[in-house]
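Two complexes, one shared chain (chain A), two partners (chain B, chain C).
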Partner chain A sequence: MMSRRPAPRAALAVAAVAAVAVPPLLAPYALHLCVMVGIFAILALSLNLICGWAGMISLGHAGFWLIGAYTTALLTTDHGIAFWWALPASIGITAASGLLLGLPSLRWNGHFLAVITIAFGMIVQTLSVNWEWLTHGNDGVSNIPRPVLFGHRLGANLAFYYLVVVILAAVWALMHRFIVSGYGRALKALRDDEVAAACMGVNIARFKVTAFVLSAGIAGMAGSLYASYVRFLNPDSFGLDTSIRVFVMVVIGGIGSIGGSILGSFAVYVLPEVLRPLQQYYYVIWGVVVIVVMRFLPGGLATIWSSAPPGRE
Partner chain B sequence: MLVQIVVSGLASGATYALIALGFVIIWNTAAVVNFAQGEFAVAAMFVALVLSRFGHVPLFLALPASVAASALLGWLTERIVIRPVIGRNAMTVVTVTIGLQIVLSDGAKLIFGGQPYPFPAPFSGAPLGFGGVVLPRQSLLVILAMALLVAALHAMSVLTPFGKRLRAVAQDREVAAMMGIDVNRTVAQGFAVSAAVAGVAGVLLAPVIFVSADLGLPLLIKSFVAAIIGGFGSYPGALAGGLLIGVIDNVVSYAVSTDYRDVISFLVLIVMLLLRPTGLFPNHR
Partner chain C sequence: MAATALLQTSGLTRSFGGLLALSDLTITVEAGGIQGLIGPNGSGKSTFINVVSGVLRPDAGRVTIAGRQIAGRRADIAARAGIARTFQNLRLFGGLTVLENVLMGGHLRLRTGLAAALLGTDRAREQGLREHAEQILALVRLTHRMRQPAGTLSYGEQRRLEIARALAARPRLLLLDEPLAGMNPAEMAMVVEIMQHTVAEGVTILLVEHAMRVVMAVCARITVLNFGRCIAAGPPAAIRRDEAVIRAYLGRARHDA
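For the complex of A and B:
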């Protein structure tokens, strides 16, 4: 990629302090947006692992998100299991479903993989509509309980916000460790040149499948948080448009940039809200914004600070 | 009964095939996966709808006009949206076409609202019977129109200088440029042809389904799958893939259930890719 100067440490520190200090001052609706941005940031980070570092395309991440969300929702409502057991169960089941896409990724890449991931997402959504015995179909799952931490139910959105921030920070730290590790470097080598990476002794099959499993697990975690936050699930929220939205978050924010994914989910989630006074025009304007950002900042919002001229031709 | 189901499957498959054909034309000439391809078809539907229903223009004038409008939209797409980002990272270009898809489908929703509109059939009348098999006129018209259009496109590709330029650019941009071909102009014209083909598919499909603003993405997915089954980049493959998907969809809806139609179609896709990873026509362009 291009030579990218990291965001100034001061800016990062200000962002971190703001993430902790500002939300108590916000109006309820703005706070709600902050929670959603946090959840989507985790989801975008999980996709970035596949798109940004492993160089594979996935347009089915809403499927993983759905599996994670429904696992938590059904375990905590129908089976009365506590959130803190449902969360690892969500991560585990979703990670296992990551194998379903990890194995095809060994054989196909590029457009073929894109279509297979679209197929995966649509199949999962269709099943969640039709398997009424399991998912309650279009009625959805309601009255999902909020997590209880040290005897306190995280009923207030502010408390839940801090839970999301802590988990997001943990995912950030994990991804950072991961990327600078030999494993992350192997993934990047694989993205840049699969054959050369294989010649250097990178076990391509293992790395690709692990990337999918890990990414699915993190997406499942985001789903689990989403279920217990909104407290009502319905298959409609997990369609292809959601997968595309998450993909746009990753690309707009900056492919292969951790901060970029967070910035991207902020932009994708908050910008339409800022544009809301424009009423029905806002989605159209949002589409124009996507085109314009890609035109002038092809490396995504994360490269706003970069001194290098954008784009690699 | 089976024949009827297959024929009506072929009819909807023919429209997927045409959209897939346009999709592949853009892939071959510009190396762009165009997520807005379905919107070209929808644009033609709405232009035809406005002209015939609200402008009272007769259909035989409204249909060509709407195809021309969609060709113009394709040409503008290349000039305004695609050309500035061409040659960049594949994910950047895909995201730009996704942005365009959002603009076009939500633009249509803005103008026409979310509700479906009925569209008049060009040939009304009782279905035709052939020895016990009853076939709706529109299905036959769609299949016939697709065959004619494909023949015309093939003739254009082989016989005209424009077709030669298009094929040269598809084969190798740089060499084509060195041979004195104006690559940018050719690619823009390729977009126009591709959108026109999608527009024909749109107006053929319009009388069968209700016209609405959110049709573009499902149509794109069908045609994307068709292109993959056929062998990405292959014209005969896109056509065969589209027809196959139409038939599979229809047979599954009839024999199994409409609930699981998409699931089974996608499973067929995955099984086909397992058995024949390069598609039906891997090396045909």
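For the complex of A and C:
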């Protein structure tokens, strides 16, 4: 935490200014991409908490994302509850569902846990199709309202973009605090050696479950934002491919790096869009880009400024 | 005896498959000073350390530290009861810096709640812990390596860091599992000095070690294990002359099986 060479302050400042100043100048579609990058960055950060610091793999984060999104969607449409109440409800319900995955993480590690998380994601998606009384099944949920802030409906994508930026910044700040605290240190320690961490007094079970619950809560927050942004949900958006996409964002950006998750979301979300005109070649080029990044920057895009992988220092 | 028992085990038994690693073992460690625990390879020393520190559950028996029964409880509960340990095969947090490793040793003293961590109100404790960690690093002469990843240290440095991490817990009882293994004489002298400094601060040490000359020189009392049983206990001079001990170490035919 203290030896990491941070990205040059200048680069961070430029990125922050750009994140605020550029979007008003963008075409509608580019602005839409920016909002999605912000939402996915929050989702990627939630996954990074588990993968990067606690050393556990989850390939079921689309399941948490779904629970958060549907909670907000259903509360704001069928029950007429305001977004500002639906958001904390999404966080709370998704965090509670994190317990479901936190408990198996106590017994299984590595690829066993990864398979369990895949199953979790599939179960959640299947339920969202079949529990029609609750979720409207394949019809999905439509006409989800945008949030209203100080009497203004955030109907314009630009206004919504700034909401996402503010929440992303808050998540960044909280995660940073968490990671540099004794809690974060203990998570990194149990990633390196569970037995030794237990002998230092770390209650392994409590820490792992806490990590899963926090991660799920943040993913639920991303889901809530997604629902009220796109205003229409159906189960198709929350499959295994989405879980894997988020995982790739974390890895490409840098496992165990907060800024990396944001860079990774940008790269994984925007690059395919830029490459889309290439049509059939676009997957080939995208694949090559991923392999090249992993070969030359095994610590992810976040290590472009330093040589060692982040979080491992 | 006037001295009080800090650690008391009774009837401690643990087997691995058909192998009886600890057999009805009763050992007392008195408060203060260094007590030795020796025995041939496979005699159950490391199993004893693992059971006392909560890493392994015993099949039967009691472990009492300062009056608290902890046998079969988790390792973090043993740590809470005042037991710190090092590992024979080095279990440092390789991805953390040297300083962070020592700070982890003091994890329990931080008592960070999640809310305090997120709000940043735990900084005063963290600062106190850090000052103590820096003192310990000076003691084990690793100050210059403080900011480097623990995985990059030399073998001898890693052994010292293991001890430093355990000391950061301010334990009542420090279990050292072969802290001198593979060290040259200069490094050994350094570790002996660290142990003596630690004892002077009121920590009790249980030392598992094969370097007999050091064990005989620093321990007030020595317990000898063989095949999971205690075959002798007493001051170094008596242990050196003990028939059963000589037989166990020289491997003469055993008649007492």
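Things to note:
Operating definition for what follows: the second predicted complex is superposed on the first by the 302 of 313 C-alpha atoms of A that agree within 3 Å, B and C clash if a C-alpha of one lies under 4 Å from a C-alpha of the other, contacts with A are read in each partner's own complex, and residues count from 1 in each chain.
Please note the rule applied: a contact is a pair of C-beta atoms (placed from the backbone, for glycine too) under 8 Å apart; a residue touches a chain by one contact, two chains touch by 3 or more.
What you see is a predicted model, and the numbers here were worked out from it, not measured in a lab.
Following the overlay on chain A, a side-by-side fit with no clash is recorded for the pair chain B and chain C. Touch criterion met: A:Gly182 reaches chain C, while chain B stays clear of it.
Here the apex is the CA centre of chain A, and the angle it makes with the centres of chain B and chain C after alignment on chain A is 80°, in steps of 10.
By the touch criterion stated above, A:Ile116 is placed in contact with chain B alone, chain C being left untouched. Contacts of A:Gly140 after superposition: neither chain B nor chain C is touched. When the two structures are aligned on the shared chain, A:Pro272 is found in touch with neither chain B nor chain C.
Legend: residue contacts after superposition of the two complexes on their common chain; A:Asn130 is shown touching chain B, with no touch to chain C. By the touch criterion defined above, A:Gly92 reaches neither chain B nor chain C. Contact with chain C, but none with chain B, is seen for A:Val195 once the two complexes are overlaid on the shared chain. With both structures placed on the common chain, the touch criterion links A:Leu174 to chain C but leaves chain B unconnected.
With both structures placed on the common chain, the touch criterion links A:Ile204 to chain C but leaves chain B unconnected. Superposition on the common chain A brings chain B within a closest Cα-Cα distance of 12 Å of chain C. With the contact threshold set out at the top, residues 311-313 of chain A are in contact with chain B in one structure and with chain C in the other.
Of all residues in chain B, only 33, 81, 84-85, 87-92, 94-96, 98-104, 106-107, 109-110, 217, 221, 224-225, 228, 232, 259-260, 262-263, 266-267, 269-270, 273-274, 277 touch chain A in the complex they form. Within the complex formed with chain A, the residues of chain C that make contact are 53-55, 74-76, 78-80, 84-85, 87, 91-97, 99-100, 103-105, 107-108, 110, 112, 114, 116-120, 122, 126, 147-149, 165, 169.
Chain A makes touch with chain B in their complex at residues 51, 57, 104, 107-108, 110-112, 114-116, 118-119, 122-123, 126-127, 129-130, 240-241, 244, 247-248, 251-252, 255, 280-281, 283-284, 286-291, 294-295, 298, 311-313. Looking at the complex, you find that chain A touches chain C at residues 1-3, 174, 177-178, 181-186, 188-189, 191-193, 195-204, 210, 311-313.
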